[in-house]
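Below you'll find a set of structures to go through.
Next come two complexes built around chain A: one with chain B, the other with chain C.
Moving on, here comes the complex of A and B:
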């Protein structure tokens, strides 16, 4: 499995899509200029823009690398030769996923370092009233990376059942959008404002809330931007949620992929 | 223990409008260790389906398959196999050398052995010069040669090759035949599919012919060739011995130096006896036979059962 992880990483680094997406990272250079245009809370805005840019780049990488990795292997017939080796399909799938997830962590780390440099530069010119909590920023980027690894696990699940790239790519985008609002929807349907909704709709929405991933739980941007104290219990719960959810998704993906006919 | 064995192996696909397509019907096949087995069949006959079932890429509808006694459902069964898929494709962002090393690592090869074997196979397949280039820049023939190299690197006991000569130029084809003959000499089992009868005739011990998912013939190449003998072309020297003794046999060609006869198998003994009695000098004796292609075409076109 380690060799599949290594091959996956090599493939990503040599991929033109990845190289194209990483050009987006050049936008970091312009963040201090954009932030200074606000004339107030420049450091906070720099942190916001930096974290949002990281999130955007990781989203692109997750959708395009996660959604096409397995599908491309099947479409281009790489699987015929690789699965002809003494390698179980489960190991192959987990290796591909592991390589992509590891890449997201590497990309988040590199982008995080760029973000720290930009924030440090910006705060040296426009000092903030609030202290910059670097630890919160690190955790914010880490949980963002976890969020996108969870999204990649979804992309892999969709790839195991799909014969085209439409479902893995667009399904992953749809899942990202839906997963970002489930918390708000859940809170709305359990608030007095939703009393006009039918019980069936409420039950369906509640059921979906438990099925669809809750990406909102991984968003720590506000804590990082305003240096608010992080809820330790919440982070622990979110970490456990991540492990269980990814574990379930990979188990189902492995099971489907093991049974898939390579025609 | 057979190198490859299938027992009532069948595969059905669901086609358009849920129509059931029987791609393989009750295939019983045993290939012995050290045997070179040619799997012949026209396009769409079920050759690749059979190979994919043996390699665990497809799941049988019924029946079973094993490699060296191990069920093909287990990944470990592929530990003794070198597999070349039809029209192979490999991670094109890797170089040939990187890919061969990757394959070797899957067989837990020792690093120094892997280095040595990688160099050997790349040189043998004439890929040494191009070994550092990414495979996305390779020609079809070069990719096919990488495919063969990756089957050889770990020196397995069983080789399963789906159309190994496909996409190769005459030099490449000759090289592949040479490799198969070398494997045969070293006691390896080679199972390969093709629709080119000449390849089978030159390198195989046994041949199976599959048509419409059914094994229609299974015999040794030697038996097939022997059964295909139609007669003998005998050339005698003119004006030597008593040529008149052979007059009951019709000469097919004659000139100042030679006379040529086409003698049916049934009359060959009689002909040779007359030659001995009449002191005629034989200058050439050649077997006239139907080649494997004619045998193959008969089976395909007439559904003749062996």
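Moving on, here comes the complex of A and C:
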């Protein structure tokens, strides 16, 4: 499995994905200029823009790497030669997932360093009233990476049942949008404002809330931007949620992929 | 090859011709068009996904750029265009719903809502909303205190805001302002007790001295208040001047304003001073506008 992880990582670098990220990361250079337009919170705006840029790049990586990795192998018939080796399908799938997830962590780390440089530069020119909590920024980027790894796991699940890349790519995008609002929907249907909704609709929405991944919990931007105290208990629960949910998705994916008929 | 070069050159020329009117058209679009359709906050929350802070910042930036652009335009125009303040306010209110910590939105909204639109209550409601989130920020209560005192003449509320601003900033100025407005709102005793506590806790000698002077002035004002009330009670009449209270034996010794001013009674019986409880604030009694340095 380690070999598959290494091959996956090498393949991503060979496809010049990293160079693509670096080109997009050039936008970091413009962040201090744009943030200087703020009247009262230049540093906060710099952090907002930096974290959003990282999140956006990681989203693109998750959708395109996660949604096309397995499909590409099957399409190019690489799977036949690889699975001819003494390697289980499950190890192959987990190796592919591990390699992609590792690349997301590497990309997040590099982009995080770029963000720190930009924030340090901005705050040296326009000192902020609020302290910059670097630890919160690191945790914010880490939890962002975890969120996108979870999304990749979902993309892999869709890839195991799909014969084209449309379902994994568009399904992953749809899941990203849906997973970002499930908490709001849950809170709405459990508030007095939803009394006009039918009980069936409420029960369906509640059931979906438990099934669909909840990405809202991974969003720590507000804490990082304004240096607010992080909820330790919440972070622990979110981490546990990540482990359990990814484990569940990968088990189901492995189970489907093992039984899948390859043509 | 020649055809391709020719086609490229032709496109470049056409682009050059088109880009100027195109930019002009975009630049001169009306506000609604320029800002684009902005969906409700609920819809924006869904669309923004995990970029709510970014969307909020972009809304604020849109309003700022619109306002800035219009200001420049109006400087060079014979017929200036009035900014669409209602829309601007709506967008900034939406921005703080997405990111309740965004200081730019509060700062900018409160500035035009008070000075330009005269929506003081709306401005203070927005600042109150911000105070729930930016619990460390002394600026929001400071702005609200100023709005309450200067625009709304609601001195008890101003004192409350300035007290909060003082607690957050540790600034002597805010505490002094809070004490002053407590006094002006007729809560002299409260102001005295508040300033006494501040004076006791202050370690900086200069600041401590400042508190002591203000405290001494308020105590003198309170002495006049008590004398006036006693005069009213015993003589069933209103005293005309502070000197009358001294002459009648209700006020001994005569009150001294440590700021160098002279205490006097306003026609409605309030105690005021020509110094406005500040050094350098002394002016003729007759010129006194009675705006903010009287008390019941």
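To be clear about the criterion, the second predicted complex is superposed on the first by the 256 of 263 C-alpha atoms of A that agree within 3 Å, B and C clash if a C-alpha of one lies under 4 Å from a C-alpha of the other, contacts with A are read in each partner's own complex, and residues count from 1 in each chain.
What we mean here is this: a residue touches a chain if its C-beta (ideal position, glycine included) is under 8 Å from a C-beta of that chain, and two chains touch if they have at least 3 such contacts.
Values in this document were obtained by computation on a predicted structure and should not be read as measured data.
Asker: Mind checking chain B and chain C on superposed chain A, clash or fit?
Answerer: With chain A as the common anchor, chain B and chain C both fit in the superposed model.
Asker: Looking only at contacts as defined up top, I'd like to know whether chain B or chain C touches more of chain A.
Answerer: C
Asker: Applying the touch criterion given at the start, work out whether A:11 contacts chain B, chain C, both or neither, answering first, second, both or neither.
Answerer: first
Asker: Output check: A:176 vs chain B and chain C. Expected answer is one of first, second, both, neither. What do you get?
Answerer: In the superposition, A:176 touches chain C alone.
Asker: Output check: A:190 vs chain B and chain C. Expected answer is one of first, second, both, neither. What do you get?
Answerer: After superposition on chain A, A:190 lies in contact with neither partner.
Asker: Quick one: is A:38 in contact with chain B, with chain C, with both, or with neither? Answer first, second, both or neither.
Answerer: Touch partner of A:38: chain C, not chain B.
Asker: Is A:221 touching the first partner chain B, the second partner chain C, both, or neither of them?
Answerer: second
Asker: Across all Cα pairs of chain B and chain C, what is the smallest distance in the superposition, given in whole Å?
Answerer: 28
Asker: Identify the overlap between the chain B-contacting and the chain C-contacting residues of chain A.
Answerer: After superposing on chain A, no chain A residue contacts both chain B and chain C.
Asker: Which residues, counting only chain A, touch chain C once they are in their complex?
Answerer: Chain A reaches chain C through residues 37-41, 44-45, 48-49, 52, 55-56, 129-130, 144, 147, 176-177, 180-181, 184, 215-216, 218-219, 221-222, 225-226.
Asker: Chain B touches which residues of chain A in the complex?
Answerer: Those in contact with chain B are residues 3, 7, 10-11, 14-15, 76-81, 83-88, 259, 261-263.
Asker: For a test of understanding, state which residues of chain B touch chain A in their complex under the given definition.
Answerer: Going by the criterion above, the answer is residues 13, 52, 55-59, 75-79, 81, 83, 85, 87-94, 98, 102-103, 105-107, 134, 147, 150.
Asker: Residues of chain C touching chain A in their complex?
Answerer: It is residues 45-46, 49-54, 57, 61, 64, 99, 101-104, 107-108, 134, 136-137, 139 of chain C that touch chain A.
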